[in-house]
């Protein structure tokens, strides 16, 4: 099995899906000749031509809206938002249109579209190239939000997203693009949207997280294992709708739960996870459910001191895990 | 003069490494700050990397074609004036979040906090989490008797799980007091709570099944059995006894005895006598677990089990060690009669210190008794069967019986229990017309 | 006798009579909706009155067997032309389970019916414009020769989605007809406070497409402009912006009172130009709409509207729990 990077897994999934299905096409800013500012669509323009790897005008609402129109017709567009931070002009199209099309038409119309967007900090991207935006969309029934952590999950879940008959927001951690590498089968496979994945079995504390923070938690768990602290790590993978059963099982397993995100704390994905746990797991809980998150400031500042203060890292996760284990 | 390092810069968001395509300088070259020193290729861009210093290139550490991680050393440059190493503070940005930065100050804080917490009184000891409460209730664990391993002495779910796994479950004080004033009366020892604890949860009757309501005695039995089995860590051992002589002796006597005394001379009376005698020598078995102490009883009051239909009674033969075989046989007859007639009083059943169970009367040859709480052991006397036994260089038909002992492993260990059984065996094997009187 | 204008457009007498019939049907259904609302039977009405000529004239210029319509909330004339029935519309007014637009989920005026290529719409205005562009893009990729017609008000021509969508279609030369039904008001705000330019069609040049302003009370003028635009689309010449100028004869909706922001005289004046009146006059002058035909047509339409009302009123609502259905594919 080849070891490839997170972003190579994105490209591989796109290429395979475009080969497999003529209805699949890519649109966005700089996705064509340039192959994307992060090179996620590298090589696709040469392979599939400008009609299927479409450089659009710089207008996010049109990228989403045109994609929705094409999807309603029956195509399978994969729209790229250059940065998750820039998805905001498209929010009306995503929430008012894509999310509600099937429901409002009583199942007559649907939007089989995927919107990809790089999110996350730790790349000196400052306020507008570092944000996590999943919480904006995570109370919108009709949408699915996928946030994979590993190249293997990226490929399987991106393919599943493209084949899904409903709109999927596929958020890719930009710090993970070249940092995270892993084994990815060359053959075709998909992974189920809506299923969390146990990334590490353990019995002392449960960490529930997603995206790059999964790796922080795994690293911290290895260190803590030397101290005899055995962490169970659940990767949500899909942050909306949440895998309630998976969360309940993981939380009940140890009764001590740490929820980690690099997004702001209040009103985030992990807050909903916490609510699920408190509704279902009271008599298995052995400690208050803990949230480790970014501070409640608007976004990640540019200066390295402040960026580091905001950004999640393995040390912060390790400290919180140890603290909970000692409770 | 000092030597500075030039490291691989991060050329673009998400870039983690760069390849040096061409060096634009060589050792000895004078460069100004921001002069290009190398062409570097990354996934995202091809760029000229500028020098961060004015000085003379000293050594090119990386070679052309070599791929370096962001932050890795490219070359050394000799500069005028002090170097960054001399500077008191340098705000170093974490280049890759996966790198573990050592932060001694922070660790120290954690440690001191921790020790401060340890010094605190056991403030969290009595703050139970829902999981701990639930487990404690389900398993009737007295949380007061548990040392917590959590912060501030808090009892954690893991602490409880370990205890349940070990089987050594500390029960509430109430029970210890009961231990000090033992009562073998099944009904008296029961309570609704224990009975409900004994109830199997969610058992549904199917079509054609018969549902039999559980009456008070049954409930009390159930509660006592549950209490005994959940609280007392049972251990078990068995000896085989050759009672050929005893059988001969008893058979020779029984007719005459019955005619003379008006009641039967049962084997059981011999066994009870032997046990009472052995208990006198091994008082460890005539005792009770008292939580922080073990209470050895002076009196040897032996409960015997008497079954009646769906009821089980354990009346007491008082001071059995002081009674003759005849006296014991008489007590057995009386108590059994009372049990059959429903005339047993609570006085008849109080104060037992050890139980002997005549399981042999059902034809059983082996059984594992449940200790009569709060005693520390129970002896099951099984059926006497004729078996070929190798003895004195030949096989002979011998009357053999198994004695099965259940013991509270908190109170007793295998050694003393084994010695006790060996003694009982010895007494029984020696019982014969020559050396035993039934009077 | 006035000049015959429809023959030169390739329209037969029967076709123009049918066109008028559809306009009249839209008007009559709309009027019935108001009555039902004022009788407390349906909670909401939003009207097509004053825009029927533009809506039906434009639709008849298209190939209604393959072209796509992305109507906005006033476009009863468009959806009737594209195959939705009076009964369908009444079911929507009453929010009944059989409503093909949404099964009673959306307010009236939120049209959508896949089998007739009427693309589902929402309440935030102008979101349908990029959708029309996307559908045209898909058609181009699939090498189909259909056209997508998207309609919206002059107020919506200020929304980013109009500009983003028009620009996208212009850049990629997509077969889209952007039709602005300028009825002079965005709820209470008059066009003078909506646009700095004289006409909405002035905006076309910025997106590299031709722009035309036509009389929205004249279905033949609209027909002609849309027909030409559709031809350009099918020839690969890209999109067109058409502005049809008419007047909103009713308040914005059943919840609005237009007397607070416009004079009655202005409305009365506009009613003289009402296409239902003026186009009927034209057809009478052409001897197409005879007294006999007109009576018959009125009676027939009344009957259809009555039947549709009765049917819809007696139809069932969707099961309450069916509100849980179709969030995702099932």
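Order of writing sets the labels: A, B and C. Residues in every chain begin at 1.
Note that in this section a contact is a pair of C-beta atoms (placed from the backbone, for glycine too) under 8 Å apart; a residue touches a chain by one contact, two chains touch by 3 or more.
This is a predicted model, so every value here is computed, not measured.
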Contact-graph distance - origin chain B, target chain C: 2
Identifier of the chain whose CA centre is least distant from the whole-structure CA centre: A
Farthest chain (mean CA position) relative to chain C: B
A-B or A-C - the one linked by more C-beta pairs in contact: A-C
Chain B-chain C separation of Cα centroids, rounded to whole Å: 79
Inter-centroid spacing, chain C versus chain A (mean Cα positions, whole Å): 41
Gap in Å, rounded to a whole number, between the CA centres of chain B and chain A: 45
Shared-contact residues (touching 2 or more other chains) in chain B: none
Interfacial residue positions of chain A with respect to chain C in the complex: 25, 51-52, 54, 56-57, 59, 61-62, 64-75, 77, 89, 92-93, 96-97, 100-110, 141-142, 144, 164-166
Chain B - residues contacting chain A, complex: 10, 13-17, 43-44, 91, 93-94, 96-98, 100-101, 103, 106, 110, 114, 129-134, 150-151, 154, 156-158
Complex interface listing, chain C residues touching chain A: 68, 99-103, 105-106, 110, 112-114, 119-120, 122-124, 127, 129-139, 141-142, 160-161, 163-165, 167-168, 171-172, 325-330
Touch list for chain A against partner chain B, complex: 7, 37-39, 118, 122-125, 129, 174-175, 177-179, 203-204, 212, 215-216, 219, 223, 254-256, 282-287, 304-305, 307-308, 311-315, 319, 322, 326-327
